[in-house]
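Two complexes, one shared chain (chain A), two partners (chain B, chain C).
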Partner chain A sequence: MSALLAQAEFVRPPIDWHAAAPELTLLAFGALLTMMDIGWLERGRRAAAPMASIALLATMIPILTLAADGADRSMFNGAFVVDNYSLIMKAMFVLAGYVVVLLSTNYIAEGDYWENEYYGLLLSSILGMVLMASARDLITIFVALELLSIPAYMLATWRKRDLKSNEAGLKYYLMGVFASAVMLYGMSLLYGSTGSTLLTDIGAVLDTGADPTAVVVLGIIFVVVGFAFKVSAVPFHTWAPDTYEGAPTPVTAFLSVASKAAGFVALMNILFVGLLGRDDVVEPLMWVLAAASMTVGNLVALRQTNIVRMLAYSGVAQAGYMLAPLAVIGDVPDTALGAVVTYLVIYAAMNLGAFAVVIAAARKTRSAEIGDFRGLFHYAPGLTVAMTIFLFSLAGIPPLGGWFAKFRVIEALIDANNASGVALGVVVAVNSVIALYYYARIGLGMWAEEAPDGDLSRVDVPPSLVAAIGLTAIVTIIFGLGLVVGDFTDVSLLPTGI
Partner chain B sequence: MDTLDTNNWLLTALVFAPLAGALVMALIPEKEEDAQKQWAVFTSLVTLGLGIFLLVDFDYDQAGVFQYFVDTEWIEVIGAGYTMGVDGMSLPLIALTVLVMPLVFIYSWNHIPSPGNPKAFLMLMLILETGMIGTFVAQDLILFFVFFEVVLLPMFFMIAVWGGEDRRYASLKFFLYTLFGSALMLLSFLALFFLTGAETGDYTFNMLALSENAGDGIVRSTQLIVFGGMFIGFAVKVPMFPFHTWLPDAHTQAPTQGSVILAAVLLKLGTYGFIRIAIPMLPEAAEAWAPFIGLLAVIGIIYGALGCLAQSDMKRLIAFSSVAHMGFVMLGISTLTDFGINAAIFGMVAHGLITGMLFFVAGSVKDRYHTLDIARLGGMLVQAPKLGWILGFTAMASLGLPGLAGFWGEFPAILSAYNPAAGLPEETFRGYMVVAAVGTVLAAGYLLWLLQRTAMGEPSEEFVDDPEITDVSTIEWIAWTPFLVLIVVFGVAPGLIFEVTDPAVVESLRGCLETGCEAARTAAEAVGG
Partner chain C sequence: MLGQYLPLLALFAVAALFAAGSFVASGLFAPRNPSAAKQAPYECGIVPTKETPERFPVRFFLVAMIFIVFDIEIIFFYPWAVAQGGLGIFGLVLIMVFSFAVFESFVYLIGNGALEWGPLKQTAPPSGITSPERTTQTTIRRVGLEDRGPARGDDAEEAA
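After this line comes the complex of A and B, so read on.
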């Protein structure tokens, strides 16, 4: 503190309020939500979910105005950047958050959980993600990561009287903190060997190729491993199935989509802006992570009997598909980035949708066992059709969104025009077939079998869940028809921009 | 390449009319089963009407040129276009599709398989129709791929929900096999996109442009691998030995309608892929692969026939006969000659009509006898003479009796192997020819044996007084007559198809396949050097 004061001529860096508006809006509404809790106590309960929805929709406004404005903006010497890429990711985080609020509304209210705190923490976590999309500096990235992770640890234990939920939160917390520590150490190594925390500076130093020391390699590996935990890539995925199963299902949806996407965003920021000069280290690392994640994830998913655990392992495999383009970042950086962004957005829609159906069906069956989805078609045809769309989209069957995501991944791999890219493409293709088996098996159960206990009473699906399912299903189909998705490719993190 | 684009709204209407019908069907209440069936028939008849307009309006003098050509942007970022066109090669297959579908819907009038729910069943078939027509008109690889895959889900659910005892296993097997093939096929499409683009500077999935370039400038070894990916994708769909094992299961378990569609149209997506995509786009690799494809084709012919002889289930027998018949088609294709490919297209249409008809008969037998166990059947000519005669007639057509459609699919395919394209090993193909000819004898064997055991003799005791065993019903007559008539018409006047397909086939074989790739390359070098 005294050192800072001693710097007499400290000048506040100029702040572009428009660029920071999404974060500030979210922050303001989050604070308001907390105030409401303090002032109104229990009376605030019913307003919490609508308030959170309004907060997220209001955050979309500055994101849209920034997009309409179109100019790239940069603050704090380039530590905070608003460009096309970050706006797309911000919008995705906010909208995914909105769907999670829709999923949570009845679940949290009916489960007799604390509501204001729940939504407050949710908003705070989303704030961290939104910030992450713009972070181009190791410290900013770390702050954003903790801002999004710490509330998530708490959310995972929200069913506090349930042992599994406690286990979920604790595992997630310990693994997460461990990963953060490893990553922080890696960052310190990068800072130590390049002399800057700004990714552009790190990139400039590494680009010169002047300092090919082992320290840099170690730093890269540690940072990547840290994020590998976050995105649940094999072999750092072990927390995911237990945490997913134990956490409240809306939180699981949040973790598997938004939190994973945030990990990817951070990884991409670091890889593309900072470490592109060392693609000789990054590419093999990503190749192994990607191939291991999809193969192990898919093979283990085959044996699951609980649908949430199955979705957890399928999420591990999907993370593998998303990591695959990063294995060719040195050859086709822009295509690879576009592929990952496209995949993240489409994955968000289809995976949230799948969780929405799981939540809706569990309202009747009170279970997440795959066996209890049998005969769903006989008493909930609408849910069945929706689930079919999401599952086969995850499997990558045209004309549902997932095929386009996979297509972009394979395209990037083939475009790299080298043996390792093509080999990974074949791995992706073979894995899509393995994955189809467990997705299609659920589809079969829903359509072609009888309900386990012959109980054909209808499922009561509240409007917020209907909205969530409808929204995600429509988006999944629209993306699959090739509409809109093109815009997600119009992204670049290469230094030509600013 | 020249294209004609008059009336180019037609293909969009033709492709999406069934889909629109399916969407409207979603609005019909579940209880109104009659309305649903009427609507399905109506939609497919509208599609048939559009198809007839296509047949009438098609300029047969320019059958080698793509007509009704549409070419607009679709997914700009990946360079995929909304490109559609019809030439003489796709016209017969489109006609087959739009004709078969209404008949299947009519047949469904009182043949909705258990567990009922006609609404979902009919909607799936309408979506299927969109996928099938789309595959035959698509002239862009990505559009082709999407339509090619669109048929998977409806077929999967048709088998899985409305199928027989073992439907879960069969449906998953069908789905996994085909997806495996198409995943590798997609890799090849992308490789072709980038390799051709790097050569010509024009990155495009446009099938006309890719055929025009015909793999020019791509290293031979790479061409062979890319062709290999496509080969697996299409060969699974055909299906060729040894990728055929999904077919008997799928056919046996599928409901009658599913079997008919599968046999009549779906299998043709694979063979069509070979002649439309794999061969014209990579002729040099095709030339290298052809002896191998021919070998698998003749193995398929013999293996399918032997498989038939070993079957005790009528539907499974017909399914194995499909493997054999598609072997003839693939043999014709593997010669890479104009003659062989024309025979192959004829074979596709003939097989679609004949085997589709056989599956209809099998379905009706199952409805009456509640079994397809050949050992238990017998004396159909006594109890249901018309049904028995239809079976006999179709079996004759299937074994290639001259004067019926099956002959013109099989005989020229065998003949074409006598004289394969320049550059292919002549002795090998003549060997194939002999083996294929043996296959026709076996075909006569298993079909006549089937006929003898099911239609002739006295009815077995358990069915002798069964009141459910009735003769052909009116609905069945309506659905079946066009098949029977066309089997005769194409048998008597094969030119109806050959004259349409020939110009397009010649066009697709332009360039190196006329003279053999080796010769074409030497000639090009001589000119260039």
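After this line comes the complex of A and C, so read on.
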């Protein structure tokens, strides 16, 4: 013991404060938010939502300065990396969080829910996501995952007097910890067979091909299954519809966009940096997950009568589209990564937008049944136009963002130039046609039918919701016109890229 | 190589045998003289006088949370204290940042009345209408849209 102590001379690890600035900003504002609650009580409660918005916008500053600087940074032996890819994902998480704050402002205040705690937990969850974008080490990834998941379990139960919300939180929690346990077991197997938790080291060991043991394969499968729960891929999606329906709608938007994207970011970090040497295992696994998620998600969504449940199943199907490029990571890694990143960013905009319209319309209809959206055009034409944009974008109709995202996915699959890639491309195309039916059915009801109760009084849409819908609609449209493309496809996680 | 797990397997077998044996022995040899007192639910040896109340004070949970807060602080303090000579100023600053974070959660708990004991106050009006007041005496507040009249919505419209 004493010999060990004598050997381990402590060397202060070099810390790049600029690289860690986004995380530190979020952390400091989160602590401040909690202190406000203790010190000011009711006054602090009123200031909670503006404070959370300021926190998220302030976090954008270091992200933008890091992007302007342009240099790739690495800390803690490569466990924490800031590069082009991680900055894009960080900005997406922070901006998605900002839109969720906009969605929450009236919902949480008018429902008389706990406010400071709500925004504190939201910031904490976003902190986990921002950290996840930089994590290149199994332990860092796990810590980031728990940091983003545990507040989300609590947020899902925020309507605590509602049994459905309790059910939502409990199901999400139980499935989440189960997935964490499975994933940790997989990580322990990877660590045991490669001798390192650093993804680059794991990648180096696997690249040599010296140790093609079944243990590594089992570890890969368990890790992938753990994240498949997080991104709600079939057959690990069963928690999603119940959780989405029961949770407060802004939280549902947060879970279906930010939390799902965080799962994808973690999955991509592990697959591209660590497991690219075993693409013989990863590719078939991803192929099956992607094809099953698309097909089951779309077919079940056809029969939904509640719009939130329909969006949940549509989210499962969208996760399938995003998993599809990962089925060809061994053939065209950079193209596949660019396709997933592009899809994640566009999906965030259009799905948050769809939820924003649902929240705005539900302020009048007090329900999320699809039937109650009939005749929306007659009393809320603006909301109807916005919802149509988001739904058609989700369906992938040009010239909207969703079309461009699907185009990148299919392009990556064709680029792989092999039978499995082309076959999956066909599955994507067929599923897009199926999906159009249930998206267009809502659109048709909104435009062509009469309001169910003949009540044509206008919907009172608060300014924060108008801002959220406007922001997401603009992003959805400019992506579809192909105005901001280069940065999102110019990403790489390959060793030469770092 | 797997031979080293043999004792573990034997332990499992012994445990299973013991559990099964206990069940069988209890079924065979235990005397059965049931009476009303024996079949009643056991509650601290006192005869139950009323149904279990619907709401428990959450204070016990909050005390447990305070315990966990300090538990975690100790877990991180101990290795730091052992190695602090080598860690120097850097370690000292980091542990101070850490203890600030831990202390903040403690202050949050105290600020929300986790340690305020005393006679239990009637926290919710009998009608079940939401009370937006939060006093230092209670952390319990009713939430949700149910049972709420249109009063707030009307206020909002007047303000707008």
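Heads up, the rule we're going with is that the second predicted complex is superposed on the first by the 489 of 498 C-alpha atoms of A that agree within 3 Å, B and C clash if a C-alpha of one lies under 4 Å from a C-alpha of the other, contacts with A are read in each partner's own complex, and residues count from 1 in each chain.
Just so we're on the same page, a contact is a pair of C-beta atoms (placed from the backbone, for glycine too) under 8 Å apart; a residue touches a chain by one contact, two chains touch by 3 or more.
All figures in this text were calculated on a predicted structure; none of them were measured in a lab.
K.L.:
Please work out whether A:294 is in contact with chain B alone, chain C alone, both, or neither, and reply first, second, both or neither.
P.N.:
A:294 sits against neither chain B nor chain C.
K.L.:
Once the structures are superposed on A, label A:113 by its partner contacts, choosing first (chain B), second (chain C), both or neither.
P.N.:
Second partner only, chain C.
K.L.:
With the two complexes superposed on chain A, say which partner A:392 touches: chain B (first), chain C (second), both, or neither.
P.N.:
first
K.L.:
Once the shared chain is lined up, is A:403 touching chain B (first), chain C (second), both, or neither of them?
P.N.:
A:403: touches chain B, not chain C.
K.L.:
Taking the superposition as given, does A:411 touch the first partner, chain B, the second, chain C, both, or neither?
P.N.:
A:411 sits against chain B, while chain C stays out of touch.
K.L.:
Could you say whether A:261 touches chain B, chain C, both of them, or neither, answering first, second, both or neither?
P.N.:
A:261: touches no partner chain.
K.L.:
Kindly classify A:442 by the partners it touches after superposition: chain B alone (first), chain C alone (second), both, or neither?
P.N.:
After superposition on chain A, A:442 lies in contact with neither partner.
K.L.:
Between chain B (first) and chain C (second), which does A:155 come into contact with in this model arrangement: first, second, both, or neither?
P.N.:
After superposition on chain A, A:155 lies in contact with neither partner.
K.L.:
Using the superposition described at the top, determine whether chain B or chain C touches more residues of chain A.
P.N.:
B
K.L.:
Of all residues in chain A, which touch chain B in the complex?
P.N.:
338, 392, 397-399, 403-404, 407-408, 410-411, 414-415, 417, 422, 425-426, 429-430, 432-433, 436-437, 440-441, 443-444, 447-448, 482, 485-486, 489-490
K.L.:
Within the complex, which stretch of chain A touches chain C?
P.N.:
Spelled out, the residues of chain A in touch with chain C are 5, 8-10, 12, 31, 34-35, 37-39, 41-42, 110-114, 159-162, 460.
K.L.:
Going by the contact rule at the top, pick out the chain C residues touching chain A in the complex.
P.N.:
So the residues of chain C touching chain A come out as 83, 86-88, 90-91, 101, 104-105, 107-108, 111-112, 130, 132, 134, 141-146, 148, 152-153, 156-157, 160.
K.L.:
Hey, which residues of chain B end up touching chain A in the complex?
P.N.:
Those in contact with chain A are residues 74-78, 80, 142, 145-146, 149-150, 152-153, 156-157, 160-161, 167-168, 171-172, 175-176, 179-180, 183-184, 186-187, 190-191, 193-194, 198.
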